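Please go over the structures that come below.
Shared between the two complexes below is chain A, which pairs with chain B and chain C, respectively.
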Partner chain A sequence: MGLRGWLGRLAVGVEVPVFPVVGGGAREAIQDLRLRPELELVDSPRHAAVMLVVGAFPPGDVDGLAQVHDQLAPPRRTVRWGGEPVASLPDAVVVDGGEDAVVAAITETFAELMSDPDRGEPPILPDVDPVEWRGVGPYGQGGMGMTGGTPYGRPMAERGPARDGLELDRVPITIGPWLPTLPPGLRLDVVFQGDVLQEVEVGPAPIVPGEGSDLFVRALTEPVPIAEMELARARHHLRLLAEILRVEDLAVASRRALRLVHGIRPGATGEVERLAAALVRAGLYALALRGVGRLDRPPPGPAARATGVAVDARSDDPEYRKLGFEPVTVEGGDAAARVRLLLAETVQALELAAKAGPARAGGRGVVEAPRGRLEVGEPPPERTLLDLAPEVLVGQEWGDAVTIIHTLDLDVEAAGREIPV
Partner chain B sequence: MNPVVSVLFVGGVLGIGAYVVAVLDRAFGPVSRGPRDWFVWPIRRAAFLAVQRRTETERPDAEAWILAPALLAALAAAGLTAVPVTPSLAVADVSAGVVLFGAAMIIVMVAVFLQGWSPNSLFPLIGAYRFAAMALSFGIPFSLVVLTTAIPAESLSVGAIVASQEGLWNVVRQPLGLPVYLVTGAAVAFWGPFRIPEGTDLAGGAVLEASGSARAVWRIARAGVLVTLSVMGAAIFLGGHLGPVLPGWAWTALKTLVLLAVFVWSGHAFARMRVERFVWFGWVVLLPVALVDVFASGILAL
Partner chain C sequence: MGGLGAALVVLLAAGLAALVARWLSSVLEPTTLTVPERVPFTGGMPPQVHAWNRFHIRYYVMALLFLAFDMEMVFMYPWAVVFVEEGIVALVEMLMFILILVVGMVYTWRERGFQWA
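Now for the complex of A and B:
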């Protein structure tokens, strides 16, 4: 055994660096994997040894998957968890079963890979230039036909006025849909100037909505237990909080929020309140969120309640009124206000779940879902939020844009669903 | 000191220090599986990175990409040479030691810029420019508090600065100095709340495209910068090798470990700061505090 084989055997005990590619219906499953001590979910394919493909995709070749595969540094392997095999990834190890099964498959695949690093998957695509390279200098400068337009299969940076009146390069680029920093399936076609977004369009999502019934959609047509709905709201808010904390580089607090998702009980608000206090001490608001993404006219829902407007479909529900429900509001309208609201609503939801007992609400054709007002015959709140995204993101620096995307709780998959009439 | 011994000494201190950073990072980090894991994990992780191949991007600046981690490690080593570990043991206790250290730490910006620039990729490039935008905001207060420690010693030599703390450490004499040093030092090492060029929003930023040995060397070099900052912080604020009972080198090691633990802990305790907020913080808070530190020390020295 050579040195590489010996090092490979030594490496087997490390968390397997996994790059997740998330299709429809798999957002929660992949988030739960972040708590598994055997794995480390990484943000760049360059840092991964295993590409994990999970969720529902359209049939045929899925846009960009082969490129992502080839960006993993060798040695690499692919694991497909659940669903149909993906045509773009012919060599993937296919796993059915639950979380334990996929973790076992990934660790086993990684151990095999490390014991014989030369047996990784070869590239899928040919390593050739997209079009003939006609540059002269080492960086392509000076070649005939290498300026303007898309001479090399890549759009060239063209100059344009920036916000401070200077002329700066404008770089068109597509970000997503497989970037773990963004919500699954979100594809942004943007024009950058420096790190400021000058143009933003939300591209088509190459994922298929997952199966499964949504409690809040069911509550449109039939009464469901209030306690169940409120616990679902608390879980949703904590999952979103975990994601926000992750992109703000608070990994310890993010895992704490994620563990709470699985441990919450009606009325048990203490741990959420302690987490809220810890986030203040960690400087989440002061360092990262304050003043970011202030909205003037947000759509009804949490974003509106974070501007101090008490708009909540539960206010008109007689069952909720019996429980003494009053909408929670926070002043400010920025990302900090949205996160404060998220925490306050989580506490309120746990209290309501404790108070509600067996009471049921719903069947009125309108319900307050975690992302806002869900109404029969109207587009879902996720679509309204997604339509708002380009307008809100233009003019933002990239870091702030990521904060806004997460605090607005954009969800491409839910935005694509139809509400039954 | 003999040149060969010097190289081995500096390399050894940085290597051991980088391992200690990795152990502490595991202990304070989100995944901690007990003391045995803290010590074994860095070795396993390094083994994985040694097995993983380096990736190539489309038309990178290949030479600069290789140079960047080497430059970062060299700067950490250069800064370390000026610190006397015991009264008689220093690689090069030159007459302007703190200036040499300050210069090396400010040039870290060039290494980070090269690391972000060279892969020819958008997010690393944004990371590189972010660090360049931050540099002046932490560089001036950092340099001011480091140079202020020379006022009581009436010398720029680190050996003389340590000797001047015989009766009273600078952490007491200049109470504003160490807090500003720790904050700006973390920014020099783009660590913790100042992980701005390598933030999760950029999926790793300057280091997004690096894999295998290139990523390992970059990580070790960055840990080396933290070690150098801690060794120097121990020398110019905590009296370096001065202390009762224990030998001088043991005091240096202990004080360094305390500062290293503070740096590494801060890496997991705070949210990543926005660039704009950091620039505001640098000019409106850190710089005035650093200036008060200079003036107060000057008046005391008169």
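Now for the complex of A and C:
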């Protein structure tokens, strides 16, 4: 056995480094994989051996998928979980079935790859520079820029005035749509100066909504059990909290929030309250969230309630009024207030679920969904939040921008849906 | 072994280490990356401009802070020598001095001096 074979055998025993590419309807499935001890979901394809493609995508070539595939360090393999094969990734191993089936397929694929690296997939894109590196001189030398011509086929960034009067490069970068630090499918066309965002535009999302019905959309037209709705709200809030904690580098607390999602029961608020206290002790608010992304006039929903405004469609619902419902509010309007509200609303939802019994609410054409007011004939709250994003993100440092994106709960998949009339 | 012999041994060892490192690299990673494989990852889309870009580190803020704490150390050496003789008085005086420096640091922080961009 050669040196590579020996190292490969050692590698088989470790967690499989997987880079997730998440399409429509797969956000929760990929989140649950983070609890599996066999896998390590990594944030960059450079650290991964297996690319896991899950969820719904538009037909044909999908923007950026072939590029991400080639950015995995060779040797690499691709696994497609559920759904149709993706045209951009012809060599993917297709897996149908549940979580156990995909974990088994990934570990098996990884073991094969480590025992014989030659079975890795070749690059998909052609090995050519986008533009020839050539200056104006007879030998390709000279011209504009640091070295003349366009080094490695790309022009140099332009300069512009920075906030203190110095000249600083303005670097246009497309971030996403497959960056695991951002919500699935979110593509931001930004201009950086240093790590400050100077311009932000939300680009087209290369994912399509997944299958499955939304309980809150159903509640627009027909009464549904309040307990079910409130449990769904608590689950949603805990999943969002897990994402926020993950991007704030609190991986253990993030997994703790995810485990709560699976063990959720009406009235069982103790564990959520203990998690909330642990987050205060971890310094989450003081170190990462306080003063970040303060909103003055947020749209109705949790973001507004985190500025102290008691706006909630449930207040007008007679069934909720019978339960003594009053909207939870938190003062501040920043990311810290939004996370505090998230936890307070989770506790409130679990209490309401316990109190509601078989009571039903809905069918009034308006409902308070987890991300805000959902109303027949109006754009979904996710679209309003997504439209707000560029204005809020300009002027922020990148780290704070990521915090704002997650605490605003941006979701391009839900923003693209139409509310049935 | 004279000085020349020792230098030769070091030269040989360094040359051998370089060769072993090259051999190990070629054994473990024999492939050459293509252009798309070398592109920096930003989420799947190709970069629009080259990664070489000019970035002001703003050394002047760092230089000022360094000077402040450098001077602090200069004063601390003689202070350490007389500390045992002077006792609590010296300790209080030094604490006052450090407090003044800390005020300067807090001022820099408030003025966003530590933000690098």
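Couple of notes before you dig in:
Heads up, the rule we're going with is that the second predicted complex is superposed on the first by the 400 of 421 C-alpha atoms of A that agree within 3 Å, B and C clash if a C-alpha of one lies under 4 Å from a C-alpha of the other, contacts with A are read in each partner's own complex, and residues count from 1 in each chain.
What we mean here is this: a contact is a pair of C-beta atoms (placed from the backbone, for glycine too) under 8 Å apart; a residue touches a chain by one contact, two chains touch by 3 or more.
Because the structure is a prediction, the values reported are computed rather than measured.
Partners chain B and chain C, once the complexes are superposed on chain A, run into each other and clash.
In the superposition on chain A, contact is made by A:V196 with chain C only, not with chain B. Within the superposed three-chain model, A:R46 lies in touch with chain B and with chain C [touch as defined at top]. When the two complexes are overlaid on their common chain A, residue A:P37 makes contact with chain B while staying clear of chain C. When the shared chain is aligned, chain C comes close enough to touch A:P155, but chain B does not.
By the document's definition of touching, neither partner reaches A:V280: not chain B, not chain C. After overlaying the two complexes on the shared chain, residue contacts for A:V402 are found with chain B alone; chain C is out of touch. By the touch criterion stated above, A:R187 is placed in contact with chain C alone, chain B being left untouched.
In the superposed model, A:I173 makes contact with both chain B and chain C.
In the superposition on chain A, A:Q71 contacts both chain B and chain C. Under the contact criterion defined above, the residues of chain A that touch both chain B in one complex and chain C in the other are 4, 7, 44, 46, 71, 74, 171, 173, 179, 194-195, 397.
Across the complex, chain A is touched by residues 29-31, 33, 40-41, 43-45, 47-48, 50-55, 59, 61, 122, 126, 129-130, 193, 195, 199-204, 208-212, 215, 268-277 of chain B. Chain contact summary for the complex, chain A toward chain C: residues 2-4, 7, 44-46, 63-68, 70-71, 74, 123-130, 146, 150-157, 159, 162, 164, 166, 168-169, 171-179, 182, 187, 193-196, 397. Contacts from chain C toward chain A in the complex involve residues 27-28, 31, 33-37, 39, 41-50, 52-56, 58, 115-117. Residue ranges on chain A touching chain B, taken from their complex, read 4, 7-8, 10-15, 17, 37, 40, 43-44, 46-47, 49, 71, 73-75, 114, 117, 139-140, 171, 173, 179-181, 192, 194-195, 245-252, 254-255, 282-284, 287-288, 290, 292, 397-400, 402-403.
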